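All remarks here apply to the structure that follows.
Order of writing sets the labels: A, B and C. Residues in every chain begin at 1.
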Amino acid sequence: MPKDAGPQAKTNPGRFFEDYTVGDVIQHAVPRTVSGGERALYHALYPARHALYSSDEFARASGLPESPLDDLAAFHIVFGKSVPDVSLNAVANLGYAEARWLRPVYVGDTIRSSSEVIGLKQNSSGKTGVVYVRTTGRNQHGLAVMEFARWVMVRKRDLDAPAPETVVPELAPSVKPEKLVMPGGIDFSAYDFVQAGEPHRLSDYQVGEVIDHVDGVTIEEAEHMMATRLWQNTSKTHFDATPREDRKRLIYGGHVMSMARALSFNGLANAQCLVAINGGSHTNPCFAGDTVRAWSEVLEIAETPAPGVGAIRLRLVAVKEGGMAGQLKGEDGKYLPHVLLDLDYWALMPV
Amino acid sequence: MPKDAGPQAKTNPGRFFEDYTVGDVIQHAVPRTVSGGERALYHALYPARHALYSSDEFARASGLPESPLDDLAAFHIVFGKSVPDVSLNAVANLGYAEARWLRPVYVGDTIRSSSEVIGLKQNSSGKTGVVYVRTTGRNQHGLAVMEFARWVMVRKRDLDAPAPETVVPELAPSVKPEKLVMPGGIDFSAYDFVQAGEPHRLSDYQVGEVIDHVDGVTIEEAEHMMATRLWQNTSKTHFDATPREDRKRLIYGGHVMSMARALSFNGLANAQCLVAINGGSHTNPCFAGDTVRAWSEVLEIAETPAPGVGAIRLRLVAVKEGGMAGQLKGEDGKYLPHVLLDLDYWALMPV
Amino acid sequence: MPKDAGPQAKTNPGRFFEDYTVGDVIQHAVPRTVSGGERALYHALYPARHALYSSDEFARASGLPESPLDDLAAFHIVFGKSVPDVSLNAVANLGYAEARWLRPVYVGDTIRSSSEVIGLKQNSSGKTGVVYVRTTGRNQHGLAVMEFARWVMVRKRDLDAPAPETVVPELAPSVKPEKLVMPGGIDFSAYDFVQAGEPHRLSDYQVGEVIDHVDGVTIEEAEHMMATRLWQNTSKTHFDATPREDRKRLIYGGHVMSMARALSFNGLANAQCLVAINGGSHTNPCFAGDTVRAWSEVLEIAETPAPGVGAIRLRLVAVKEGGMAGQLKGEDGKYLPHVLLDLDYWALMPV
């Protein structure tokens, strides 16, 4: 590279809309070996208390070899690797679908991540386009630990670049219960409700039931930055205070997701394993100083082939001050200004 | 549970005064496996430098299999589990007594916790009562790692509920030296004072001696919340800024305890193992922005059966700005406004 | 020690200029065993992404037994131990030279540290003097993991103490390439540029080339204090807000070093192992709220005996807001006010 290439010639400018081709598979950089350190940090950054992810003994009594890394931590690691290749020049993170956890991540595992481009659609403005990818995380044995589709709006570098053929993938509105993958060996036949923290089993929940998780956590800049760095997510917007006059940094949507999920322990302590995300929207930005609360709505209940294990489909909503349990959208059909996250997921629960 | 039970029907409302019965044993939820991550976080959150808790080599030279988790971290884990069952509706944390460490906690151990109700006394107002519990932490082998008595003032749910028979347990004003439990194998015969950081052995300390630990640490919101979450302590008051106009969160008393103990390294580097807490009071609240300093007073000196190991009983006082070494109470007999913590404990030291 | 010795009699006052003698070797206190926790915290505190330090698989493919602790973390641990003996009464940290990493630090290693006094020079004021030390970190096998020379200006306790004979050590302006020590087994013949994150090999870089690392991170008090405590660095100035009216704490220079090195991934992702620091200056203080960016200049390129491994000598410059890539000093020859760090180091890169 010639010396006069300029001081940014070696750095990663990220991909622009015209750099994606349907069918391309992008190998994301920087594999990551997880240790007890990642687990402890997750438990320091979020009020995470689900027993299966806290105690090796509880995990063994549930048929697993030891306590896995929290499922959303696995998601953040797989997702974070995709940021430099998928969303560095993104204008908006539009949605998730068909996310499934396929295998627990244990201490000592090394995770890598890749994304296949599964759809492209240039916007009518000609300045941006929507890129659909299916991202897969794999462990050191090459076995998939999770996969998800997401779509983002990405800028074009060259506004004159021709529009690609429009390909919009068909994505399921929700993961069918029969497609949920059970963590190998999982068995809730001898589930200890006392150690887990709540007496409610799957049959205690009803479709339509709304649960207010009550507790609130006020977020600090240091915390969300530590979390986001831990997942090696490089998006500048989470770290650099200079673009905004109030010096606030936009909080990684996954931080809100993990905070809300951890808060949902109070009322959903037995919703142990995340097995799928059906869809999710980061509906309003979150900033340091916001106090995050959460509420859930039971959407669906299903059987699974694992002994003593049922599946519960939940809407998890994170709100900031002003938000109320059960209130999601206004009369105009738009999300209320206090709603930060609307996440639709499947979890496993003792029947 | 019927759907119209309301959105908080599934959440834990905590126990009220009339929910306790003397003799009841409450199993606290969410066992916890500790890793090197908890150790590293403890050393990032507090200026902890006691060599036995920093170096496997130093621990082995002292007769232990490896370096244990810092004793106060073990205390916080056992204590944190009891919060949802004991102090969620507490008005005040009134005191500790008869706390003893019974066995070190090592990386890989899984800790659970239970509390026996040992006393009840309704207050004359009829609105609250004092609950006395003895809390025990156990490892995965069912062996006790620590125990302590504490008493808290708890609200009544139903002011018309009848007062229980008053039972006030007899609690020792201090743990007798012969009741101190030595960590198995501990031996300070070949103690390395250079690596430990100070030359002072037990015989260098005199009863009545006051030690000013000099250094100060200004506390941040992110730090005390990370610490408190790490111990899975769910008390809302430490996390939710919304109830107070100044948006400050009340700092968990145990955070101040750990900070003061870590600061006491400077002058008490050889007070290695905590073996008992005789009593303790959180005398004034601590908030982010406060600069914490500490001083100690030597209260008692005793022999132990372990080779080369003596016991030193110390008063550890944490103060914020304005506090001075040796100044504890005013002429009115009340704690000075700058005093945050008055802790009376036993530690092990080379003779 | 008599009771009337005063409350600070047991605490460490630090060494003053007249307490040093050329040839003395000071054993620093508090050995430290590192775990996955230290690694995870490093990756939460800095946007560190170099693959060799993130993935056991990548490390094994590069000839190492597993992923080592980040090299600057090893430096901070060795350095931190020397603070109570070398720089507690320092007025200024004047420089580094001849720093070499001699052996990677792996999880489970226990690090201790010692310093030899290699030079002394009283200043003409008679109030301070310069102390030169060579500090060595060793693992549990007694094998050196790193060494460096540094010199600090230290206060005299007694202004009437006689000046020592002046001894100024000869320190190399830079470590010669043939003196660089390769991590045992290192081999970049099968280097995976995709997983490492960038395609640039050593031959793609030219002496004189300037790289703007683009990204910025705004620093928080909680983060730099957690980092500095993790290295058991006890310098009061990083923790105690009370001496300054703006309540800011001076950030440990090593925090800026690690931040800049991590940011340099973007453009230098393949500069994997640090093997030497030729010199370094903390040119302006850094405070919470500053947004740190970094740029590098290629100073020299060299061969090494390890297969597929070359050495690149880099100037790494950290700047705060107002700093620009390539701008280091003003017309007066002094560092610009926005320059925080000027570090000259050697790293290993695939040829």
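Quick note on the criterion: contacts are C-beta pairs under 8 Å (C-beta built on N, C-alpha and C of every residue); 3 or more make two chains touch, one makes a residue touch a chain.
The shown structure was predicted, so the numbers you read here are calculated from the model rather than taken from an experiment.
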item: Size of the rotation, in steps of 5 degrees, that lays the CA trace of chain B over chain C; value: 120
item: Residue-number overlap at the chain A/chain B interface, same or different (half cut); value: different
item: Distance between the centres, which are taken as Cα means, of chain B and chain A, whole angstrom; value: 36
item: Contacts with 2+ other chains: residues of chain B; value: 35-38, 40-41, 107, 220-223
item: Parts of chain B lying in touch with chain C, wherever the complex brings them together; value: 35-41, 43-47, 49, 51, 54-58, 67, 107, 194-198, 200, 204-206, 208-218, 220-223, 266-269, 289, 291, 295, 321, 325-326
item: Touching residues (chain side chain C, partner chain B) in the complex; value: 1-3, 7-12, 27, 29-33, 35-38, 40-41, 84, 107-108, 110, 112, 140, 220-223, 225-227, 229-230, 232, 234, 236, 239-242, 247, 249
